[in-house]
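A, B and C label the chains in the order they appear, each numbered from 1.
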């Protein structure tokens, strides 16, 4: 039994010659909020897709509790307690919010075709439980009263929350959040940041976060990895990352570190 | 007058004129006049033509329609009137030119019935209203004047006042309903639903004994299509798999009952009920065999493969290869009837059987749709990749949907074969698959009332309107296109269930959701 | 939502679906190979001239299928819809050609006093060309109006909706033809110069194999039309616009392309090809009736799917392939000729199972998340 909930060992994935993820090593300790940052096209989402089973990496291992899971079907990986959200919200748009969460509960339920048809006491109990659980989840993410809305008709911010509710319904040990604050205003972003913290603190879920909003990242991350052109170029605590010259160059281009230093010096001078 | 008005109204007029010519070329005007004549109490002998005045009534209605539809919804009244007049003029001109041609052909005794079957001399004379060249003028005048009248009617009936009046009536009805609901004790409101079900049951129980075997036959057809529609809906509406070969699964049920219950070719006499069960099982196996290899195909590819599957089954049934097993092109005859208390089923019993089968199917469908399985299917339809990442074994559930849907198709097939006492390859053509598809789509995907309405509209009505017999499929095709243009969600679109209240016992909702966002608006 | 930091999960899973396809494939291919061995090598039941005969008829019918299949593929490539009424467009073309032939037959061009001589007998080449032109024009017009009335208003609707509309249009056209021209089967005109059955003879193994004039005409014309279409799509401005619309309608519209006009033209082109195929069908098979477009339509769609729908060379290849399978398959596998369609459909299903995007279709990488 290892202390890491997920561990990637030299994971690589390429698309027709383009290496999207290149020998990435990550160690995500249990109970951490672990952020992955990097410029657009750095391979962050591809890495998520490898972990959640959409892609099979060409080489390397993905260990979940020390056991390799790469190449397993996504539904199996999900049933083991890894949930995720998507960069562009992907809800079941023509179904209601309640139904979305109920579908998220799929792994937790057992009733089969026969139960559905003859409503055995067991399945009736399960049915009531699942409805209550779904309502509770909606309440938890702040969607109370929106349960019977079609997912498509919800405003964008609420759609994001609904997606998280659906992911939480699976009762995950690990939650992968792909740019959860994209397209949100400042207030919504602050709320969501608090919410993510609550997930970790109250539900003890480990979280891997892809995020572009540096304020969010620096605020809540326990540890950060930086990807650039598919390679991990830095890893460390938020303060370490902030002062890492390679990271700054990845974002600002060659010579960026010197530029940033100059800029900061200027600012300091003007303040003084 | 600006050019746009002239252009659009002349297009409308030309279109209506051409449609009129088309109707004449397929003898539709004769049929319509005959029907009008019957409605007005003058019977038309078989093989003779109705009186010309009934055709004039048809023309009047048609010409008013031209003006009505030519008048645009917005703009000045004078423009609308002009549009009606001009469209009528153009339509009249088109029809009059056609009349002139017919007149010329009559004069020169040109017979082109070899090419256009409808154009016999009596029919031409009838089109000219038995007045010769004068008829041409009558056509022209009618269209022009009545086009104007039609647009005038449109101006009048579409006005604000009428709209207000309609709105008023609607509100009054809603208020009345609310009043009644409030006045009745709560128990009635709560259990009134069941009262309606009971009433429906009594009606369904009484009807088959009252209305004779022909209506029982039509009703049975509608019922079987409801069952088939439910089966297809599980594949298409719930799990989103584009299935066109449902006739093959229908055939499995039908042939199971037929072959296990007839003297030729096998001489097996298993009885109806066990063989019906076998039929359902066979259909499920068919669904499984079809589903296993094709699970990874999506969308239209799935459609074309299932279409191919249906055709393969039909051709095999029709071929010499399987004649010894399935009876070949001649099918299976003299299928033994099920018995009830010792007497074989008659049409009333079959109607009951179909009612029961339909009720069971509807019950099962509702139970399935609102279950873990049903929601898994729906999620696959919405987004298979995400569904899989949410923990749903997509392939398993898709296969399950095919099998469950197939079971319904097999059930319908078994009853169908027994009721007809015959089944052959021609009962299981591509047409059957397409009919079922149309029933489901026209009715409304995932909507049971829609499917019932759809099978009544597409299977029941054409049977009942015998006058239209010749034009049945033509009207059917036009109706399909028209429906898709006007109501693509079907006659009775589905709505999603409200579940939140069920999951929060004792909690009243504290937020009143806005109307337009609700799922069942 | 209780605490989650419990024991690690147990990871075992068996995957049956990965085993099923190879087994299925082995079964099908094994049985096909076994039949081929029996018929071709063990029994040697048929001699060379029979194979040549079948090959020729397969190529001819394949050419017709390919022309119709291109129509399906063009429309599918742009609108992602199955134009179910395409077979009926072909039927309309067949009828148009028929009526033109009948008209040319009834015109007397003989000089005063000499025995009557019809236009079609006097100028066979011109009347055949005219028939093709008229068939193509009428079918193209029908395609244009079909799109305008039944499909254009549904451009934004879910994909099933235009399909049902297409099915409705197909019914309507079929039954309109039946009501207008009566359900009887008519003999297609048989111009003397290229009378059916006459043609060039080849002697193979001492027996005669005829390459009929109508067959040669059908094959050569279909190849020419296909080449013409291919050049048009690849080289002309219209072709470029069509490809642009096919790959992204919105961007194409932003580049100043009139998307509606391009779609209309696509229907016109595919209608014209179907019309030509219809006249060929009539000339070669000698029959015309309201149902004439239905089966070729479905077969050609199968061919388009086989080749990879949306892909023009794929449709040509698929059409030829299907024609050959239909013609050679029953004999090669030693099965009754009744079952030729079964063979065609089975081959299609097998190919789709192993190459879901068709022979020449682009192999899609896993869908992007």
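Here is the rule we use: contacts are C-beta pairs under 8 Å (C-beta built on N, C-alpha and C of every residue); 3 or more make two chains touch, one makes a residue touch a chain.
A quick note: this is a predicted structure, and the numbers were derived from the prediction, not measured.
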Check your understanding: Comparing centres built from CA atoms, which chain ends up most distant from chain C?
Key -> A
Point to revise | Chain at the geometric heart of the assembly (C-alpha centres) | key: B
Check your understanding: Using the average of all C-alpha atoms in each chain as its centre, how far is it in Å between chain A and chain B?
Key -> 47
Review point. What is the distance, in whole Å, between the centres of chain B and chain C, each centre taken as the mean of its C-alpha atoms?
Key: 30
Revision key, fill the gap. Where chain A touches two or more other chains at once, the residues are 54, 73, 86
Study note, to complete from the structure: Residues in chain C with touches to at least two other chains are numbered 369
**Study point:** chain B: positions in contact with at least two other chains
**Key:** 385
Check your understanding: Across the complex, what residues on chain B touch chain C?
Key -> 22, 25-27, 115-118, 236, 242, 292-301, 303-305, 307-309, 311-312, 315-316, 318-321, 385, 395, 430, 434, 437-438, 441-442, 445, 470-471, 473-474, 476-485, 488
Check your understanding: Given the complex with chain B, which residues does chain C contribute to the contact?
Key -> 17, 20-21, 24, 76, 82, 99, 102, 149-150, 153-154, 157-162, 164-165, 167-176, 179-182, 298, 301-302, 305, 309, 335-336, 338-339, 341-342, 345-346, 348-349, 352-353, 356, 367, 369
Check your understanding: Which residues of chain A touch chain B in the complex?
Key -> 52-54, 73-75, 77-79, 84, 86, 90, 92-96, 98-99, 102-104, 106-107, 109, 111-113, 115-117, 119, 130-135, 138, 144-150, 153-154, 166, 170
Study note, to complete from the structure: The answer for chain B against chain A in the complex is residues 364, 367-368, 371-376, 378-379, 382-383, 385-394, 400, 404, 496-500, 502-505, 509-511, 513, 516-519
